[in-house]
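Presented sequentially are two complexes of chain A, the first with chain B as partner and the second with chain C.
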Partner chain A sequence: MYKLILAFRYLYKRRASYFAAAAVALCVFIVVVVMTVMTGLVGEFKKKNYNFTGDCVVGTESLVGFPYYEDFEKILRGVDFVEAVSPVINSYAFVSAGDSQQGVGLEIIGIDPNLHGRATGFGEMIYYHQNDTSHVFEPAGDKNLPGCVVAIDLWAQRDSQGEYFYDPTPEATPISITCFPLTARGALAKAGTGLVNTKTFYFSDSFQSGLARVDGSVVFLPFDEAQLLCGMKEPISRVSRLHIKFKPGINLEDGCLKVGKLWEQFSDKNQGKPDGILLADVKVQSWKQNRREFIAAMEKEQVMLTAMFVLVGLTTVFIIFVVFYMIVSHKTKDIGILKSVGASGVDVVTLFLGFSAMLGVAGSAVGVAAGLLFLRNINTIEKLLFEKFGFQLWDRTLYAIGDIPSRLDLTMVAIVVCCAVLACLAGAILPSVRAAGERPVETLQVSQL
Partner chain B sequence: MSRDELIIEAQGIFKSYKMGLAEVRVLKGADIAVKKGEFVAIVGASGSGKSTLLHILGALDRPDKGIVKFENQPLSEMSGGRLNRYRNKMVGFVFQFYHLLDELNVMENVILPAMVPAGVIGWLSKRGNVKKRGKELLEAVGLAERAVHKPYQLSGGERQRAAIARALINEPTLLLADEPTGNLDSVTGNGILELLEKLNRAGQTIVMVTHDERIARRAGRTVTLADGKVK
Partner chain C sequence: MLKLFLWLRYLGKRRVVLLSIAAVALSCALLIVVASIFNGFINAFEQAAVDSIGDVVIAPPMKFPDYQELTDQIEKISVVEAAAPTLMSQGLLHLGRGKVRAVEVWGIDIQKQGKVTAFEKSLLKGEKTQDARPQTQDHPIESYVGIGVLEEPNDKTDEYDFESAKASIGQELVLTTGSIVEGKDSERQFKRQTIRLVISDVSFTGVYYLDKQVVYLPIERLREAVYPDSKQPMAGQIHIKLRKGADEEATMVQIVRAWKKFASEKLGWSDFQINQTRIETARQMQARYVAEFNKQKWILLLIFGVVSLSAVLLVFCIFYMIVETKRRDIAILKSCGSGGGAIATIFVGFGGCVGLTGAAIGTLLGCYITKNINLVEELIRVIFGLKLWKASVYMFSRIPNEVAWGWVLIFVLLSVIAASLGALLPAIFAATTKPVNILRYE
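Entry: the complex of A and B
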């Protein structure tokens, strides 16, 4: 009991304790804030990638695509774990808008909007026809004109806060799309002056995935039109990918494994058919594998950040060690007194470890509270800084983020607090053991002759 | 002197210290024996080793050579745990510089030795009795009104009286006092000596170290330490 009382008194009576607690609080604050923001960003980024992709992708990176996809679609629609399948054409095209004769090279994606809306989060990403995918390719004014959905950064401007200027009455602006149709063997399908396929579409909606690369380079076209433009309609219909959504409760890995087995059987059966060789290049991937090159970079950043925080943790341990060494050095008389009244070495170690644990808990509590307060107001603070000083943490015209993530992950907070308390104990253990090992007569400084 | 009457006995105690490269031999075969109920004063010049001998008797230090027996039990044969219990229960220390804990108030300092061996539950069960005894002791040493004061709020004499109360909380068999008046003025020091005399009359065995012959005369028996030995 006396250890509890003394540890508590050491905590609030010693100025050095306040400095140590402040060091712990500062470290906890930094880790909680940065981890929350970083974890939020990574989580949001993954969610956006998932929304864009669906659960599973069966496809090839080749621009010529793969044939017999309708047969495999039928197989997938017949199994109990698949909710929706969306065939997709993916290629590149020269795109020019309005009267401009200057084209830019962009990615075109041909989709059946209803199927794609069921297999991915496409319906949530369109603006004017949100969750009404069936009319997404119908331009305002004349619904019979061929429509196209343009990625948001190609169509609208953003203000400094990241908000887009949406036209409440969008015009059906003509957009000319020019493609090089390819044969199944990858050769140009046409020769001479008719080398390319060109068609004019009309702006019908804009699309915002929240993924900077997609939002700055993609135009969605109706599936049949895209297939024709890319030369994938005849003689044997081809697609680039099949996006698949699993039924609720289906484990991602299990679902992908099942699709993989089905594809293996299908591919073996059809490889002997005309252009069947293209099936060999097709991969079955989960959305995480499919978007790996984008997600991995961010995950790597997160790992690097965690590694940096390990260094911050080590610094904390060292600060605590120094503070405790000083406190224990100033408390040698107390140790002598305690030993002279019968306290053991273990009692002395327990006393100082209890003190360090209290210090860790108090510092962590302050750090978490400050972090919580800061995160709650992080967007307001950033806005204020921008308004007063023109400083913006993330330039919204460059980064596809809205608000800075500020949702506290309680598991992460619990881990950080535990680590902080353990760091305090680690910093205190050596001085405590040293103090416990001293003879009472030495610590009382009574060895005078 | 019958062995059964002895509380503590030290035989052939040797102790030396390192002072830089030099070795200083402080005790060179010192002997002492104290009977139950005695008030013994150890006197000697400064540096004669009287404090060292007292620390060895109280197990605050170990002799290089020689035997210390408490109630016929050699301290050298006691385990670390038993030595802790010995310091906690059997002896009470009074130091020249009081050695009270600054973070605790007077009452908490006094009852500290009773708290040391108790766990949280154990302490809760005996807290009432211990506090009652602490209060009685503070009344006995004239500090009842100062129970909630911090050591720095007390005078030197009051601090020493608080230290005596602390030394007595576990009703030790032996009270060891190292220059208990050495840091006090003569009037205050006299008050402390009267308190020790009163305790001795009540049956408390006391061994006191002092360099002052006049103070030593207040004890029942005087032992003189010179050249590392008892004369």
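Entry: the complex of A and C
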């Protein structure tokens, strides 16, 4: 009990401990704010990638695609853990809109909107037909015209707040799509004729995934049209990918593993068939693996930032060390008295370590509270700074980021607080051991008094 | 002299002071590394633009013929070193069975491009020829292909296999490109052209986008392929290299004048068409992005700067402790006639010394890490298997490792000021110490 009383007393009475607590609070505040924003950004980015991809992808990076997908689709529809499967055509095309004089090379994705809406978050990403995927390829005005869905950055401008200007009555603008059909061997299907597969589609909707690379370079086409344009319809139908959504409650890794096994069997069985060699290049990936290249970059930045904070946080350990060294130097007589009435060295160490833990908790509490307050108002502060000084944390016309993430991640906060307390304990350990080594016979000598 | 003696004595005897030096050094080193890498990245970003498109770019809204006359006019401007035409298109490159890539095709004047950009330096073999032969079945067009078009960098090291890339020199490729042309009944239609290419050399610029996306062809060969009906030379952009020390603003005025004259007199363009032409320096074209990078740098420096404030607290605590334990020394000094100001100067000066020593160590450490940042990154990869820097994410193959000396100076000064500030309160406390209270017998 006396340890607790003394620890509290030192915390209140020794002004030096206020500085230590202030240093802890400062570090905790900064780390909580920065990591909350960073974690929020990474989390949002992952969610957007998931919405774009679905749970699992069976596909190849080659523009040639792979055959016999319908058979594998049937197998997948027959198993109990798969909720939806969407075959997808992926290629590149020259796209020319309206009266534009020049074509631009863009990625085209051919989908069945209903299937794709079930397998991914496609339905939430379209604007005019949100959650009504069945009509997404129907242009306004004449629903019989072939429609296409254009990624938002190719179609609309963003304002300074990152909001797009949507035309309330979109015109069915003609968009000429020209594809280079490839044979199953990867050769040009119509080499020598000088003509390509070209078809005019009409703008029917815009698509916003929140992923910069996607929103600036993709046009969605109806599956059959895309398959024809890319030369993947005949003689054996091919696709680039199958997007799969698992039933609720199915673990991602388990689901992917099961799909992987099914694919292995299917691939072995069909490789001997015409063009079956293309099946060898097909990979089964979870959405995380499929989008790894993009997600990993952000995660690494988070790791780097954490490492830098650990380095800077060393200063806090030094401060605790100095403060405790100072307190122990001043409290040699108290220690002498404690030991003379029976307290052991371990008791003294426990006393000071307890004190340091208290200091860590107090500092962390202040830091977390300040961080919470700041995060609650971070978007208001940014808005104010933008109105008064034109300052934005991110230029919303350049970055596909909306509000600054401000939702506190309790696990992250708990980790930060634990690290702060551990840093305090680490800083206090040497002075505590020194205190434990004090001998009452020396500290309580008359000459010392 | 007495102050210097005391500073050295405290430095030698009070080992706890080393902690404040370490804290200052750590903060200083971290800030130097962050600022240097950001500055290096921004410089590399701007330089990459200059290396790939020259100092100034004339980008009209549509392609135009007879560019030779314009480039001759521009080259007459005294500060212009060279002007090169470029014709840009897009296409699909067939690299072999099932290997197809979407690429950007740059038609360039091979000789002139070398004068305007760093194209020549980027070639692995380093030999360039101006292919003047028409494309025939026997003579595919000589092309220069970005290394990333041919192969992916190693997944773990993010490095290209240069030998394998060199081995592909001489390999034949098929490029499919085209343009929108007026067809029968003035209907616009896309016309595909298939061109046979042979790889003359492989280009490695270290800029991900260029290495991954671009195939270079002789401009005339590309024009023949994309605009077969046009009999005149044709360009989409003019890239201009200025001489060193050229006044960009004044030169831009001359270039704009030359363009307007050419466009109105030679091309017969309307004022509207002429005004739609973008004439910018490479740096102006990157300005928005550079501003954003700079903002991110400032935010990161602010965050680490605030965290580094704890070093001031540390100096304060240490000096407070020193003053507490040295009250008798202070009292003796004062009883010998030293004034409060002199006593305060000892501690503030000592704080400054701590800051300077910490900053010096931090600068050495920061500069060493910055200079060897690629080695550090490689060590992290080898030890932890974590590849932090990838060209596909950060544009460049190598982490920029130039020390930002301007920032180093700022951080050294701030370190000295911060350490002195940390020592200020304890110094005032020491200055107000009364010898009569301290030196009493009881």
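In this section, the second predicted complex is superposed on the first by the 424 of 449 C-alpha atoms of A that agree within 3 Å, B and C clash if a C-alpha of one lies under 4 Å from a C-alpha of the other, contacts with A are read in each partner's own complex, and residues count from 1 in each chain.
Keep in mind that, in the parts below, a contact is a pair of C-beta atoms (placed from the backbone, for glycine too) under 8 Å apart; a residue touches a chain by one contact, two chains touch by 3 or more.
Model, not experiment: these values are computed from the prediction.
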A:385 contacts which: chain B (first), chain C (second), both, neither?
neither
After lining up the shared chain so the two structures overlap, which partner does A:414 touch, if you call chain B first and chain C second: first, second, both or neither?
neither
Let me test your reading of the model: by the given contact rule, A:303 touches which partner, first (chain B), second (chain C), both or neither?
second
Would you check which partner chain A:339 touches, where first means chain B only, second means chain C only, and both and neither mean what they say?
first
Touch test for A:373: chain B only (first), chain C only (second), both, or neither?
neither
Partner touching more residues of chain A, whether chain B or chain C
C
Looking at the overlay, what does A:439 touch: chain B (first), chain C (second), both, or neither?
first
Go through the superposed model and pick first if A:347 touches only chain B, second if only chain C, both, or neither.
first
After lining up the shared chain so the two structures overlap, which partner does A:280 touch, if you call chain B first and chain C second: first, second, both or neither?
neither
Mind listing the chain B positions that touch chain A in their complex?
17, 24, 26, 46-49, 51-52, 55, 58, 60-61, 80-81, 84-89, 93, 95, 99-101, 103-104, 108, 112-113, 115-120, 123-124, 166, 178
Seen from chain A, its contact residues with chain B in the complex are 1-2, 4-6, 9-10, 13, 333-334, 336-345, 347, 439-441, 444, 446-449
Given the complex with chain C, which residues does chain A contribute to the contact?
16, 19-20, 22-23, 26-27, 30, 34, 62-64, 92, 94, 96, 101-105, 107, 176, 178, 180, 182, 185-188, 191-192, 194-196, 198, 278, 281, 293, 297, 300, 303-304, 308-309, 311-316, 318-319, 321-323, 325-326, 329-330, 393-395, 398
Where on chain C does chain A make contact in their complex?
16, 19-20, 22-23, 26-27, 30, 34, 62, 90-92, 94, 96-100, 102, 104, 174, 176, 178-180, 188-194, 288-289, 291-292, 295, 299, 303-304, 306-311, 313-314, 316-318, 320-321, 324-325, 386-388, 390, 392-393
